[in-house]
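Down below is the structure, laid out as structure tokens.
To keep things simple, chains are lettered A, B, C and D as they appear, and every chain counts its residues starting from 1.
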């Protein structure tokens, strides 16, 4: 059973949902690193990115009301959106000092008024539908004045090093405080940033994933992670100056299974990929936002790799977790999604227990979903992951909400439009959103606030843990 | 849109659903050819049958109320059930003459009172839930006193030749009239028999399918079909003596596509497999019950095969229709179900047009469904086939109802329990019925009496005809 | 190393190789059960047989010299052929008593002189090429006057029950003695029959394999096996009256691996499928002819099946041995051939050891080969199985020869022409025989009388036992 | 038929074959860009390279006599080897002027004497076996003093730009003349370089292939190609100063099939990938060395891409040619090798005709082979490609030799040791070379100087063009 006040909703971000019309200048967000990155010729020719362009997307910027209606009709009581830093500040905020007593007013001069107005409209519509409004301030993208991904990628001299630069946390704190100041009246919950570790890992270490700047540099991987932690901490205090509403961070947690129950590499992997960031911000969070998709299975590396002080002594096995064939089956015989991710709900249960044991905070599931264009697995993906959540709650973990990723189909970064995570099928051409069958199942669950009706039917054996 | 009085429901049969407890003598139906057939050692060892036994099944005999409740809860307004001839008359009725003015009373002496009582209880419960009660009198099984499938299979001398014997139609007429006499007050619609052509075809021609008696004899194929037509005609008149309710027949229609638009083999196949029986009964039906699962794709046979007067000049291509790999894809790239049947809704539209053009009768979809244990296709199977039905209705075909096969999982004849057609997952051990997600989708459609909400989303391209 | 006098050659049979021209009456062998069986409409329609007809085959009857030349050119020193009983005695020999002092002369009256002459021509050509001539007297086929497979299959009354009939051993003894009397001067080694257990097993027990008469009757399975053993024993004595040359039997041995090293089911399976026949003939053989293709993996049957006095308490696992997918991989990850047989040479080594331990006789590998139309595995199939033979020889097993199945492509019984076992590709239309690459490899091995050159290269890991 | 003086042999290169012992300093070639490239951590972690290291290779440097023996034993009459520039000149030759009348003597001072001695030993052994000695001077690798692939990859400032630098052609000319001067007495045929277009294309354009420096820069792609052409032309003259022996270039030609017979994109692709380099060197070649593996299938690009003056208006379809699944089948149903290359011999025939029409020179097939660890396709790969060669010869194309890639297994650049192209299986640990079956087939062909024996057998339908 999920309590009356348990949040059931969906998560969106800015870049992946907003644009939808290449001819609508207001919708276009040309000032962000990803906008440039995904249209770089070399990236396209060499398959680092799909070639799909974000301006042909779902069009949430213009059609947000239709999406909010959908959320309401299907029983949701919360929605998470992202505000795009690069829309608010098209140009650098570096000239305005953090110590300046008139900082907010000066930032207000610099800020794009239309963008501010737009996000207020969006938030007011969310509130008008009776939905809890959750705002996340940074979701992968950085303003171009902070990050020049092409030049970094090519090794060219540039000051715009993104999160590697020590300026970034400062500028982020300004932006965060400004947004808090502008929207404190209407936002119910705040998150500083989304999946900081992914930004660092795919940007500087696992550079084959197609994320900007795809520049292999293990030290920068660690440096950018530290800077993102610092940025969060500064932002937390900055937001808290203006509001008593809860402020947290959204993190993509991975559960690790090891070959041969190898405790040492388990600890090592859990530390590097989960705790290394979270430990740095643990005193400045009111809640933990948990994004969970699947696990990883790891084995010991015979010759460890040094990353500054950290010794990487494990590697990820393909055939499990995030490393499966697309639209097939993992080596565990469980289905793998159209993006090649194993369906593994017990990983969510496991990680929830670990997170609560370590940090003792309230938890929200801020992302959970599946790339499944034909909706063949999504109903059971939801049911089985809610089973994991319920089991954790029953054992005392204070999970307070579940936000599905996502309510409509989105632009899946380097992979483009082919990976469909939406509860509602999105016709990118017509900008229509047609609920898939699984959305009716989620509606039923929300109505009942329970998955009991679905227990006992478990075609993939996902709910026997 | 489907009208207010459109019937939405499900179909069940006796043998495939009733039994569920090998220790409950009342439930067991040992007097039928299939009961003996599926436990024959030679059949099991050589894989003609699965080895699964029907007495470990869904247990509808005992738990019928739970199933009826499910139908009601999910918005259905009709249910089709089967009465088992071999339960009513455990012994031969041959000694009672059809001309005997006291025939019904004498049959009543012979009939199993408990069975009569049981079926009345079932029907009363159906009516008490406000469901239209549709009864079918023969569904594949024959009483052992009419058919000894093992001896026929082995070529041993026997008089119990099933539908090949000229006695069979007479005995069937007695049985039909007796049931009509007993249940005329409570049954809303009658069908004489289910899929007579399948019984003949798989029994005497395509003998690799595992149906009794699997004895290759093309003449018997035709003979048994004629006798089933005669049996229907006699039964029609017999039932009509006692009731004005509609009486029809349920037939498994196949739509034929040909390689190279070969009109001649199209006509030939349509005649042999659809019209050859239907033409013989066309004056004794108030409605046509259409069972539709998929199409067949056929090509010309270089050397035609003679079957008595009929010249078989075509053969079925594998990779399409009923001849696909299990749980894979047809050569058309469409999904094929766990029983290897291509999903092909336009075949339903096509055949509905042909049937109405030829016979001009009211039509009910009396079976339509998919073997899909994980429910990955069932929602769209239903939606796309209702799309076909709606299209036919819009073009003037009087389709009056849609009965899904089936509401719970069943014993799929020679294939056993592995092929799951139920809207509700059936735990055969615990006798529990847990609605699969698709059942909620069907409920939504029934509530709306429309599939409009689902149009525009068509992940498998099934609704663009 | 293989000794100088080690026989290297190939095996052929009559029915599978002889015919090649439907218009050549002399070539056609219409008097045999298989000739009738493979053209039965019911068998064809229901897929029991392929529909391929034997008269479109390799044409060895007419082109035997080309095949013998090929054997010689590629270094072989032996060839095994089959004589067709139904060619020699087109009509029943029952009227001639076994006790008649003039039996042979009377049989000679009845025998087909052209057939006798033909086989003499064939044998003389074999000898003229310097090849050891090995003759086998019965290879699956029976004369129609002894076996009416269609009527037996249909359960119709008939006296022509094949090996089930007690007449069969007597008639076989007459035929064997007659052939020995006619060809004693030219034949170097004799075998009574080929794979008697296969005839019984597939004829009366595992009736889905498409062998005549495919009539499930466990008692007949055992009875026909006993009669074949008796037939061998009578034939042995009959042949020995006329010649001192070695007389043996050719048997298809299967090696059994069990799940969980289950000694009991191992013994049970080894007995039923290998020793049950061999034990009955062990005092009347000068050598054992071993046909080996692959193993079987078995597991315990929870409910044993009674076959007369024998209790069958095991079953064969699919995914291994003879039960694999065609042209794919076994569950062991080893390749499976185009007929679905796992490549498993250690089974040959194992069974050779067992056979020698049990019977202490000289051994010839009388068949070993692979259905491999593209020749992708055949070279290593040969090498790895000769590795097994060599290992057995090194450990004292007196293996004296290796006859590959086969030198050209053949008619593979119910499977037809699609399964290609030939060292030489056979163009069935042009009757040309083009050595595949593997035939050059076998030539190299024969020349060297060693596989040492190929050791150390083992792409499928077949030679590390 | 292939004439008596037709060359049959194999090709080797330096880097891929020489090293075999990480502890043998003399064998190690640390002064080359590839040596550094394949051990770069970022390259390994991100899968740009396999992680296999070249010093664990076949060990030709030490074991060259065994390889030469193998060539001789299997009937070859020619062998192509590579000399490693970085072994001869470990340090820069820039200080010695091309105009210096004592250039050769000064280069001799700088050259590594041990390396010179080693290559003389190798060449003398080749000659002593009666093999034609063919030497190629540059095969992908560049000395580190000319190319710093890591810094170029990372976009760091460096002068060591490889073939992009205008110094490179000059230095190459010095090296070429020096080698010609040292080995003119013993080398029978010269080639300047191997597959220059691959070096440019994979280095600067299609940078996902894992070749150094993997730095996307379309202008550099063209520039480096021009410089390699210039280098060839200079080298040609330099070599010719010392010897009258034929000097050519070795080029990897691709045949292009287009969707819809699009003549324009055919010409465009043929120009860019084949003629753009060849046209620049066509007056300085005595023969064309043709490397051929497979084709490409291309289609029109809707939005053309500008590469300096060239407009790229086509793209390569996956599922064909070089873009197939590994060890599977192309969309054409033809097999694809373990490196994912379709078997397509008619492409060789087509390209031979085009090359001869365009340049009118003598042609040698300098590479042709298949990654096929289990040797399942290699025999027919060879046969079918020699069929293509013979067909071209019969139509007047002067093909003078066929060198297989390769005689033993090699280090396949970014893919490492997993892709096995050897006629002889190479045990990299024991440094043993065991001829695969296909090597015996090639021996047979060489002996017969004909593939006639194999015609008529064509399991994959490769020889019907």
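Rule of thumb we're sticking to: contacts are C-beta pairs under 8 Å (C-beta built on N, C-alpha and C of every residue); 3 or more make two chains touch, one makes a residue touch a chain.
In this text, all values refer to a predicted model and were calculated from it rather than measured experimentally.
Colleague: Following contacts chain by chain, what is the lowest number of steps it takes to reach chain C starting at chain A?
Modeller: 2
Colleague: How many angstrom lie between the centres of chain A and chain B, each centre taken as the mean Cα position?
Modeller: So the centre of chain A lies 51 Å away from the centre of chain B.
Colleague: So, what's the distance in Å between the C-alpha centres of chain D and chain B?
Modeller: Each chain's C-alpha centroid was found; their separation is 67 Å.
Colleague: Once you find the CA centre of chain A and the CA centre of chain D, what distance in Å lies between them?
Modeller: Computed value for the inter-centroid distance: 47 Å.
Colleague: Multi-chain contacts only, two chains or more: what residues does chain A have there?
Modeller: If we look for residues of chain A contacting two or more partner chains, we find none.
Colleague: Which two-chain combinations qualify as touching?
Modeller: All chain pairs meeting the touch criterion are A-B, A-D, B-C, C-D.
Colleague: Under the touch definition given earlier, write down the residues of chain C that touch chain B in their complex.
Modeller: Within the complex, chain C touches chain B at residues 41-42, 45-48, 153-156, 205-208, 215-218, 305.
Colleague: Under the stated contact criterion, what part of chain C meets chain D in this complex?
Modeller: Contacts found on chain C: 373-377, 379-380, 425, 427, 432, 434-438, 440-441, 444, 453-457, 459-460.
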